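The same chain A turns up in both complexes below, where it pairs with chain B and then with chain C.
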Partner chain A sequence: MSLDIAAPRRSASTGVFARTIGTYGQEFIILAAIVALFIVVGFIAPRFVSQTNLTSIFSGNAYIAVAAIGMSMVIISGHIDVSVGSLIGVLATIAGTLAVNGYPIWIAWCAPIVVGMVITSLIGALVAYVRIPSIVVTLGMLSILKGGLISLTGGAWITNLPPDFLIAQFRLFGVPSPVWFMLGLTIVAAMFMRYTAFGRSIYAIGGNPEAARVAGIRVERSTVAIFAIHGFFAGIAAILFATQLQVIQSTVPAGLELTVITASVVGGVSILGGTGTVVGSTLAAILFAAIGSSLIFLNVSAYWLRSVQGLLILATVLADMARRRGVK
Partner chain B sequence: MTLRSFLRHEAVLGFLLIVVLFLLAQQSDKFFTTANILNQGRLMAEVGLIALPMTFVIITGGIDLSVGSILGLCAILLGVFWHNLGLPLPVAMVLAIVVGGIAGLINGLIITRFKVPPLIATLATLALYRGLAEGISQARSVRGYPDWFFVLGQGEVLGVPTQLWILVIFAIIAAAILGLTTFGRATYAVGANETAARFSGINVDRTKLLIYTGAGLISGLAAVIFVSRVSTTRSDMGTGVELDVITAVVLGGTSIFGGRGTIIGTVVGLILVQALKNGLALSGVKGDGTIVVIGLVLILAILATNLFSRNGDG
Partner chain C sequence: MTTTLATEDASATPLVQLRNISKTFGGIKVLKNVDFDVRRGEVHALLGENGAGKSTLIKILSGFHHPDEGGELTVNGAPVAFSAPRDARNAGIATVYQELLLFPDMTVAENIFIGHAPRTGMALDWNEMRRRARALLDDLDSPDLDVDARVGGLSVANRQRVEIAKALSQDARLLIMDEPTASLADADVRRLLDVVRRLRARGVAIIYISHRMPEIFALADRVTVLRDGALIGTRPIGEVDDAALVSMMVGRSIDQLFPKVTVPIGAPVLELRNVSFKDEVQDISLVLRAGEILGIAGLVGSGRTELALTIFGITPATSGEILLNGEPVTIRSPRQARDIGIAYVPEDRGLQGLVKAQTIRENVSMALLSRISRASIVNRALESSMARDAIARFGIRARGPEQRAGQLSGGNQQKVVLAKWVATNPKVLIMDEPTRGIDVGAKSEIHALMCKLAGEGLAVIMISSELPEVLGMSDRILVMNGGRMVKTFDRSEATPDVVGAAMTHAGAAHGRAEQAGSAP
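The block that comes next holds the complex of A and B.
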């Protein structure tokens, strides 16, 4: 099913430029779409490209891009995690609760990362060793986390967060820290995926697990590690999400898992596993955030946003399938 | 699937059901009253109805995550057709169900024509259909349906809730189709080995197309019953229904990898889920606490079957 990975497509093109396009085609398309969107909407409603709005688009949605990095790795390895939205809600609540109860700030920052990695490692173990499909494990985990969070906290607001805790409101060279996190983590993850043996093994596992096994990759152990890395990014995303406002609502952001999955899939991560990059997923997260923001400036009801999301996923997936057929 | 493994799963499930019912009866004396049992039947009808085609879907090795969104979309359109377009209510009901069928057909076309994996195809339409429901309704709800309409969701026929009759009739039909017809055999064949099924002359795409369309139609019917039960339409109706449905089906012994499963199993799984929910509610656990249990049950059910099948026939 997923034998035809990106390799044949890439070898078909010759020149360096053509090869770059071949490898990063999806990224260029998304980048072009972002630029076009900013030009067109900025022309119609100049306030769309005001600094305030740009900050809210980039900084306010950086956590989605960060979460999409881990999600991309999971999907590239041939799995999925539909519980990521609930997980981020739980981790944000943990961070906020620790912070207001007087724990040292660094504990409030590290706890969500550690807890996130523990939970996703458990998911990974169930997927890899017990061979339960990831969709079932994470569907179950979604309701466990969501139900557990709401029944424990009642969806209460966490207020009086200590100012030192609010890392997402820090600025470096005038740029909000979430943007730095998004850029830094995307670059590190992209290098990791491309140049390390483990990074390459993620593609191998997603492309063909049996072949990966024969090639000496410990598929089970790597799968758990991939999920653990995904938990790491979910933890950072949760901190950025928790600290961007003065308050945290201890609930699950509606539809967040879909937004994260959309970013990964639209960013070129093939749903059949084996191909995709985290640069694409970050660009797609920005594109989706910009679309959401532009709806407001174009006076389109925000209630249509979810259908745009569905159409984006569908269009990308259909294009991907059509391209695969073309390659065959 | 050997007879022994079949008996083993059914036996485990039956035993589990008895234990759960016993424990819940201990917890509350309200549990084993006729009124409570009939009321539970009313509450599980929508999930139960959708679980029937979902059994077919999962037997073919697929999954349909969009059923909850189809339910929401059809509910909203029922209100729009009747209230905003002024159509007679019976026509609006039929149209809402037809839209459900079209939504299911679209799922089926994406899956069969474009070879998109069912998981991602229905994840995309989950967002799309829910988005359409939200966009069309703009968070407005439609109320004020005529009295006769509530017979479906709040009324009784011969002392039993109307929708429970509908569920029973549909369950019998579904069981007959799956167990007795060539279409049922084709469903198993597609799930067990799609390539082999294709080579043995089964029209795999048509089989899948019919099944996903059926899932959409039944989700539309469930939407009409839902609206009749709660007397209003809202765009968030049916959010998360897919979890309950898939839990019931998987708990009922249908393999998530395809190729095996029964309607009887699904019905037992459904009763088990509903009994758990009801029992927890009676012992004071709030709604959000029960979904934790449902999630746990889903994972544990597959954990158990996987461990069994590894020791057994595989």
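The block that comes next holds the complex of A and C.
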């Protein structure tokens, strides 16, 4: 941004380049960070860039990127969902239970998406119409889902999943399906956010809800729809998570919601709403996965991953604040 | 009886004196070499239009702003430099702001003594605090106000008393009151004026900011008028009358500033019949014609903006009828208003008009995204060309349609908001404070645009706190007070004096009308 202000008159080509950097600055930085990480760590530990490890990085974390797409939309609209980790756990359990109990596979795949959309629509309705802050609603939802999950499953793992159900282990052209899901959904969502009227109103609502309302955008209805879309992505993330192993644990990775939110925020989605892209959040999810894996290859305790995550959040939010001050 | 004290002290050194005070914000001088002083036991009224520099002046006095180099501020004859509001408070200067700064969930006593509560050792001395709060309130003739009441549950008038007691508890010698009666009912106004007189009798100096002439003549000992950041004059109240003050406030050549173009007035477009919204907008009937600019004048809180919000469906009418092109319409939401051809350029651009993080292109198309989309895909080419047209047509100074709206100057931001609404192709354009906070050059550009739009057959409603703007731009002027229409003027008969008088005296006139109505 500051680059643009400093030199208002320049040739068209550099103008477009600088503007692209200005608009997608965060995405470029993260992409550069990913490339640099692979080069440096790959140089130190060549097995880091082996096919097995790349598959594990991309495929094993694709569900986080998918969840982060919906999360990004929610945050861009000025809200947040801290319950997404537990939600994914519950939806995965639902899918697994249906599959194990002999329901048709397509039902086991569709159920988490539908249930996810119902639950997040409920969150959206409470946020939009009852005007409870989303952090409060989703904190409540977090406990409800977490408690419900443990009571229902009794902490037992779901085993004996039918092989047809394990969609995350399918491959297309040798590439695991979660990677295709991640790429496809990111592209579709990015187009949706950029080119559709509804996608654009999400930015308007997050940037200035009052102005959006005055401009005739149905803010409440849109908010519910945004949460419903988020539930759709959470449902797909849950299926990818549930089917990547032969068993489904009754718990999700600790702090999954934070990982998802972090991917959005570090990907350039302003925590205050109104700006950001889903491409950025997907890239950030990949960056985290790569950092986590590289720590293992560099013999650094995996516990440091959390600290790195935290540092990245702080750095990004600081950069966002600085940028906002510039815009203001 | 109270003025004797004031005159006795008048000869002594002023309590607070400003000499040659200026203040510059981002290159714009909002206060220009102002001299001002307040004496002990004096009520000094400060008058001026919005943007005249009153707020800046009181913010310098209360330590929020530093004046530019070259000015001098003295308290009791000694030069002082406030680096923070705390310094001003320690020097005995307290301010009661229009938006009261109290903690709603604390009690009256806690609010009064927050930050300087009496203590016994480490602990707060609650009994002493309640006793002193009681004494202060009794002193303000408010024995009915419970010191243990939660402030959030009090009326505005009572909260104001708490605010004044808080100032007195810190031994304020100068009390600045910023439009204290703007949101008070008549009975409360009278009580407040009594409180002010009591304080004056005790030797407290008071700077009293108000637009209401009757109050100023009832209270003030001297009056100072600011205009465009400059001092116009300070006069003893006995040497001026209404007309003199209004012309001091307004007095500039209106014809020069406003590029009003007379255009043929067409058929009625919008008609309101006895439209009301709760008690904020009462019984408004008007006819607005194509090509006409209808100015709405009135003080803050007179119901001007509320009327606009009602027409635009943000606060839908609770009774009455609205007709568009002769057809009755129901407007329950901004969306409906937009869809039938009403546009609203809001009072607060930042809050309701602009999405600063988005580009000019995205802002301009915001109100008609669905109209320029096919199968819900936005037509980018059309959108970009609309934005480029808007930039050319409205003279928006920007690098191009992809520049973020937040980076533009205030005047250009306003043009973007205007462009957004004109893009919807409305029949009626409501502009609320169209030039607030915009520099003079951009102001006349906005005014020229308004005339151009009216010339194209748009019916325009313009709400403004600036009398010259209302007088300079309107074909017809409607004066509001207390949610009602009190008077309408044709362009030819509107002068600053008569419109100003209608705005400020309307409350009294209206009161009389009501009494007359209820008498038989």
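Going forward, the second predicted complex is superposed on the first by the 311 of 328 C-alpha atoms of A that agree within 3 Å, B and C clash if a C-alpha of one lies under 4 Å from a C-alpha of the other, contacts with A are read in each partner's own complex, and residues count from 1 in each chain.
By our rule, a residue touches a chain if its C-beta (ideal position, glycine included) is under 8 Å from a C-beta of that chain, and two chains touch if they have at least 3 such contacts.
Computed from a predicted structure; not experimentally measured.
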A:I261 contacts which: chain B (first), chain C (second), both, neither? first
Looking at chain A, does chain B or chain C touch a larger number of its residues? B
Scan A:P46 for contacts with chain B and chain C and give back first, second, both or neither. neither
So in the superposed three-chain picture, is A:V136 touching just chain B, just chain C, both, or none of them (first/second/both/neither)? first
Enumerate the residues of chain A that count as touching chain B in its complex and touching chain C in the other. none
In the complex, the residues of chain A that touch chain B are 80, 82, 126, 130-133, 135-137, 139-144, 146-148, 150-151, 255, 258, 261-262, 265, 271-272, 301, 303-311, 313-314, 317-318, 321-322
Can you check the complex and tell me which residues of chain C touch chain A? 312, 314, 333-335, 337-339, 344, 346, 351-358, 362, 365-367, 369-370, 373, 376-378, 380, 399, 402-404, 406-407, 420
Residues of chain A that touch chain C when the two form their complex: 1, 4-5, 8, 19, 23, 195-198, 200-201, 203-204, 207-208, 210-218, 270, 274-275, 324, 327-328
Can you list the chain B residues touching chain A in their complex? 63, 110, 114-117, 119-121, 123-132, 134-135, 137-139, 235, 240, 242-243, 246-247, 250, 256-257, 285-286, 288-296, 298-299, 302-303, 306-307
